[in-house]
Amino acid sequence: AKDSGGANSSNNNASGNTGSCVTSQAPAAPAAATSSSTSGAKVDASSLRIGLAYDIGGRGDASFNDAAAAGVDKAKTDMGVKDVQESTASPTEDEAAKEQRLSQLATGGYNPVVAVGFAYAEAVGAVAPKFPNTKFAIIDDDSVTSPNVTPLVFAEEQGSFLAGVAAVYKSKNCHIGFIGGVNTPLIQKFEAGYLAGAKAASSKVQIEDQYLTPAGDNTGFQDPTKGNAKAAAEFAAGADVVYHAAGASGKGVFQAAKAANGLAIGVDSDQYNQKTVAEYHDVIMTSMLKRVDVAVYDYIQAVATNNLGSLPKRFDLKVDGVGYATSGGKVDDIVPVLQGYKQAIIAGQITVPTTPAK
Amino acid sequence: MTEPETVVELRGITKRFPGVIANSDVNLTVRAGEVHAVCGENGAGKSTLMKILYGMQQPDEGTIAINGSQVRLRNPQDAIRAGIGMVHQHFMLADNLTVRENVLLGAEKLHGIGRDARARIGELAEQTGLNAPQDALMESLGVADRQRVEIMKVLYRGARIVILDEPTAVLVPQEVEALFATVRSMRARGFTFLFISHKLDEVRAIADTVTVIRRGTTVGTADPKTISTRELAELMVGSELPSPQTRESTVVDRDVLRVNGLRLDAEDSGRAVLDDVSFTVRAGEVLGIAGVEGNGQTELVETIIGMRKASAGRIELVETDGEARDLTKLGTLGRREAGIGYIPEDRTRHGLLLSQPLWANRILGYQTRRPVSKGQLLDISGARQDTERIIADYDVRTPGIEVPAAALSGGNQQKLVVGRELSGDPVLLIASHPTRGVDVGAQALIWEQIRTARHEGLAVLLISADLDELIGLSDTIRVMLRGRLVSEADPATVTPRELGSAMTGAAA
Amino acid sequence: MAISTASQAGDATTVPTAPVRRRLPGWAKGILWAVGVIAVLSAASYLTGVNTLTSTNTAQTALRLALPILLAALGGLWSERAGVINIGLEGMMILGTWGAAWGAYYGGPWLGLVAAIVMGALGGLLHAIATVTFNVNHIVSGVAINLLGLGIAKYLATLIFQPLSGNPRQSPTVPTFDTYSATFLSDWLSGLEKQQRVGVSDAAGLINGLITGVSPLTIIAIVLVPVSYLVLWHTRFGLRLRSCGENPVAAESLGVNVYTYKYTGVLLSGALAGMGGAALVLLQGGGGYLEGQTNGRGYIGLAAMIFGNWRPGGLLGGAALFGYSDGLQLAGGGKAVLALLYGAVLLLGVIVVVQLFRRRWLGVVLGVIAAGILYWIYWANDSLPGDLIPYTPHVVTLIVLAVASQRLRPPKADGARYRRGEGD
Amino acid sequence: MISWRTKVLPPLLAIVFSVLICSIALLISGSDPLRAYGTMLRQLGQGTTAVDTVNLATVYYLSGLAVAIGFQMNLFNIGVEGQYRFAAVWAAIIGGALHLPSVLHALVIIVVAIAAGVAYAAIPAILKVTRGVSEVISTIMLNSIVGGIVAFLINPDQFGVLTGNNLRTQVIDSSGRIPGIPIGDASLFGFVIIVAVVGGAYWFMLNRTRFGFELRASGESTTAAAAGGVNAKRMTLVAMLLSGGVAGMVALPELLGRDYSYAITSTQGYGFTGIAVALLGRNHPGGIALGALLWAFLDKSAVSLEQVNVPKEIATIMQGAIVLSVVVAYEVVKRADLAAAQRRVGRALGGGKPASVAEGGAI
């Protein structure tokens, strides 16, 4: 018989009275505190020529490169930026190619130059001192110490914490899962926050916690077949909500969720609205947002107003550098809960770990 | 008596290869129901002519007429359709396919590939005397059976004109007789044969007409019943055939090689390919080993030179002072260094690096010894000089020592190999089919060189399928059958026929 | 008389023939193997308490992961049986993934499949031109095709998919094949599996995995194994094709147009590799083109084919082994891999007993040592280092190859140059 | 006997052909080929690109040599990829942990790298000679497995250090580094000298030593080599280990000249590039050098192509097209050459007696 694929059967999990899984009381949600960094008068940045060096994947990767691109695009419309030069890393290029890319942008008079991804750390460290008058920003890395380099880093664990809470609230079996693409320290932050959030909400939740490939083997980010297999295994083991931080492999996770009649949580951008996974958006319960776009936008603004000091040290929940998406309306009912936890984190009542408790 | 009609008519056939004119203005007329022999020395262009008739080569000039009408044979299919079949000089069989598949291949339309085909092949097997099951893999068959399968292939296609390119080269006299019986009975049923052989007595025994080709062109047609072997030979080479005659015995009563209880097991099964082989070769002696191909001669040679590992037994090389050295622990290089020279049966596979220049080929097998190397380093100028010497001494026809070995003719390649193997001051020479595929001139030269070396005390282990060569060169002959040395013959008195009986086991 | 008989040669009247040992037919051997493997797995699963070893999910995942490899391996088979080494499978597979996504986007999965086949075959055509017409070294040409396949797919994706998906490395989501399940059977089997009866439940679990969520492409791929066997070994076309891989000159001398068959073989090879690419795109877990998606599966397919001794049944085994161990590590992680280790100990035990009977003492000793080491690893660890788990299938393949002292037999003229009229 | 013209003409033809193919692709995608090629060439003059290209070629050269050693005797060592990564991570770990005087430190690191490369190559080598396992399969598997090994070793629980979001081995002291050769703004890897020595040694080994002769003999004809006393198993083992040893050095120019530690972001794929480079250079030390430079140039130009909005996949297509057309061109030329050689022999022998080429297996 033809398999129905769970598409039309109303997502049993989605219709959501709070699951019986929750064991702890959510912190009270205070009145929504706003925390926008994009306030004040319109800034004119039309004189800025921006260089954008992407990591592997580049514009259109539906992940952090794309988010960076979105930030620049917004700057174009809002601040009148006209001249943007983009360049993308290839999977097998060497360190010198990254330096070459940055140098070419800097030599070409682009200022600021934004390097997307921690893979650029070395290159930025090497190139920035050679161009003291050029401003550099690097995303996901704060190890470069040159004065003209601005680190743009995020509190992924905080956003993931909320994802963990949401997962517990939506899980019927009190059994949730996590799938990391590549087992790097960065992805471990997602994992750590998610685990912490889930455990904060429930003391009895069962968690499947797996990676596709170890550090250095980047195929874990681009193998939806394996993502699908792994997710299917987690659903088969009883999980009904799975959070992925696995790049393009996430598509396979969504598929598995759909096939298993479960739910999935997207990552980085609001995947509910993403074209490449449009077919599965009805299982995307929410997405953990990592606002690279906001960071890039804010950075450009700060450069234009020559006020780099205004940028936060870390883009966290407080500045909406990370957060969660509500598209699709599946978490509307638990927004107060999530807001409560969010405020508790902002207020420092909850400290989210950055490495998973093993 | 009415003249039988002409079935094959070749007119003015010319075929050029780069640097070689294989056929030039060849004319050949074959009548229905005859056995038409084509003779000529090596490289005369016989095979090329036959391949042209079989559509495998296209003539540059000339016409072909079959049964009176002119045809263009662009590929073997055309030839098969015209009723021509060919048994090639080298077996054209796929080892990993079964007997049936080998026969069926290309002719599946005739009887399908199912039961009908099986039945038809069964009939043919009976007709040609093939015993092997149809589903046996080709590789498990011996030479004579392979030859039978080749003939079955031709018959299966219903050919009426059959080309046999040196079918007897690998057969012993008894098998040749069986083959000739088949040919005669088929001739009686109206088949026409084109028969190629170097062996003139065979030609005289079976052929109705003989055409001689020299240097790519037809020099004449004769009736084998009337022409003498001598005349035929003179037609072929323009001079008398040399024959290998051992003059006085040079045997010294000093052992050089002692082989004792040698055993070699087949790789896949425990079956013995060599079983309890023991013999001695003395200084100045040529020990000939006779045997039908596939009875273990190749394995014997390769075991002695160390390319195969003996399962049991001892191989000893005795030094001048009488001290015996066990070779079984040594590798091929060690054995060569101990003083064994080796003329392999297949020079292109085992003797030469075809794309390397001649001087590099001089190094092969001697890479540890002067004059071609010093310690771990090669002595390239030494190698060049010594190669020049070999070329002069052994009459290797080449424009220089820089040409790749592949560019030399077979005979000249063989002379180079012989020259190299006699240059390392060997105490023992293993000569495996030293003149196979070599023309008469080169043949004589090689025999002469072996005789000279023997005169100087060299011990020679000679393997040959050419019984005349074997009888002519050897001081002693041992016969090998199914991996054992079964009998001994005196070359002074034995005839090829008797030797043939021993080789097939008929005498035992 | 001049001949004196030195020693009597055995039985002189019979013709020497190779001892013909009665061999089991291939399918029977396959069944025996399958039964044996299930037995070992269920024993291991029972003894270790890890039932992922034989769960429905594992089987299903294994099947899905094995498919692209199986198709690539079949591709390798067709080409190498015709005498052309095909290391370019990976490149042809990449072209296939692009084609599948493109076709499926515009016309659904079936058109996708066709487009993948065509793209793969184009890669095959290139390989055939280089190796058959120009006599280029087969490996060189294969390497070049892997580079070209990657470059062309990237280029085409930038050109065609970027406007649609906004991403040069990814296509928009494309429809995949519907899946079907033998509901009636699978309900019964699930019941059996749940009863946790040794052996029966394990077999039920594995079989259930193979009959649930099956797509037409899965069935086509699996059917292609016996079809390849039948065509290659039981038709005139197959006979001719194989003869080109064994002895092209002989085939030529019998009027077979070797070029035609080599071209056909390599084209089919490309088409099958392209299908392998389609299996990544058009099955569950796919749903679109993605750069780097093949991830070396073409090479693994080649390995599976060599593993399977250039035979359809064998390469099915190779692909299944790889797919199963990959599926197992994905589905069960380190614990399952440990249980697999335990299974290996059991298997070694069986082998040791067999060797004892055959009096192969060295084999016995080595087997005991290996089993001891494996058991020690199993006993000393709760779980294996997570970083190494994803490579379970690679390690398993390596070990099986090293242990099974199989005699591999490539087609005789595989990789050899052939030019018409140059043989003698 | 092979003339200069036949050596150089085929690669030139191939490059021209590939440029044509790529022009077509560029035109289809709406870019101006001339502008693209102009940019590719011009970038060489910009900043440090020229020196960077040579630096990258250094790495490719080593990788190409490693592959070529295997190719010389028809061993297909796909495993250079795994061998160099295995070697790099061990060299970096041990180099980072040791504190030794200047030259000694670097020397120890090089030795460790070579030893590690040899060790990792020993697996397929031993499997091949003892169990007959095809090196193609085993090295494919080992290339994947090395990913797990590197990840395991570079884990902070083992030898790794977390810097930012990256994981790397401990940074090697300056005593273990090999200083660069400054050229203008840029710095040429000091390792270039070692690489040149390795290339020279490879040439010498191949053409002047007994081992090299035996290696080439085995590559040309296993059977003839065996009859000539070359021990095939030993040659396989030694060639594979030697190949692994050279592969072990592949990452060193970068490790000792620029990066000083091995990270999860360190470049992969040099081993696969080596295959293409060895093929381009036809296993000849000089040819491989040219191939490596060409390959590095194309890789580098991909970066600058993006600056002028030309799809950089063109560079990959060009690489594939060049490899394929180079071999086709060489094949055609080789055939013509052999025919010419035969004609020469035929002429030298005065046309009377035909040279029996078929016996020698006309190639």
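Letters A, B, C and D name the chains as they come in the text, with residue numbers starting at 1 for each one.
Going forward, a residue touches a chain if its C-beta (ideal position, glycine included) is under 8 Å from a C-beta of that chain, and two chains touch if they have at least 3 such contacts.
Each chain and its UniProt protein: B = ATP-binding cassette domain-containing protein; C, D = ABC transporter permease.
Quick caveat, the model's predicted, so the values are computed rather than measured.
On a Cα centroid basis, the chain most remote from chain B in this structure is A. Looking at contact counts per chain pair, the maximum sits at B-D.
Our note on geometry: chain B versus chain D (ABC transporter permease), Cα centroid distance of 44 Å, whole angstroms.
The distance from the centre of chain A to the centre of chain D (ABC transporter permease), each centre being the mean of the chain's C-alpha atoms, comes to 39 Å.
Averaged C-alpha coordinates put the centre of chain A at 76 Å from the centre of chain B.
Rounded to whole angstrom, the centroid-to-centroid distance between chain C (ABC transporter permease) and chain D (ABC transporter permease), based on C-alpha atoms, equals 30 Å.
In chain B, the residues touching two or more other chains are 47. Looking at chain D (ABC transporter permease), residues 147-148, 151-152, 155, 358, 362-363 sit in touch with two or more other chains.
Shared interface positions of chain A, i.e. residues touching 2 or more other chains, are given as 91, 183, 213-215, 217.
Contact between chains, as defined at the top, is found for A-C, A-D, B-C, B-D, C-D.
Chain C (ABC transporter permease) meets chain D (ABC transporter permease) in the complex at residues 87, 126, 130, 134-137, 139-141, 143-152, 154-155, 158-159, 296, 299-300, 302-303, 306-307, 385, 387-391, 394-395, 397-398, 401-402, 405, 407-408, 417, 422, 424.
Residues of chain C (ABC transporter permease) that touch chain B in their complex: 1-10, 12-13, 15-20, 234-236, 239-240, 242-243, 246-247, 249-257, 407, 409, 411-412, 421, 424. Per the touch definition, chain D (ABC transporter permease) reaches chain B in the complex via residues 1, 207-214, 216-217, 220-221, 223-231, 338-349, 351-363. For chain B in complex with chain D (ABC transporter permease), the touching residues are 17-22, 42-43, 45, 47, 215-216, 305-307, 331-337, 342, 344, 348-357, 360, 363-365, 367-368, 373, 376-378, 380, 397-399, 402-413, 437, 439.
On chain D (ABC transporter permease), the positions that touch chain A within their shared complex are 46-49, 52, 55-56, 59, 147-148, 150-152, 154-155, 162-167, 254, 258-259, 263-269, 273, 299-300, 302-304, 306-307, 312.
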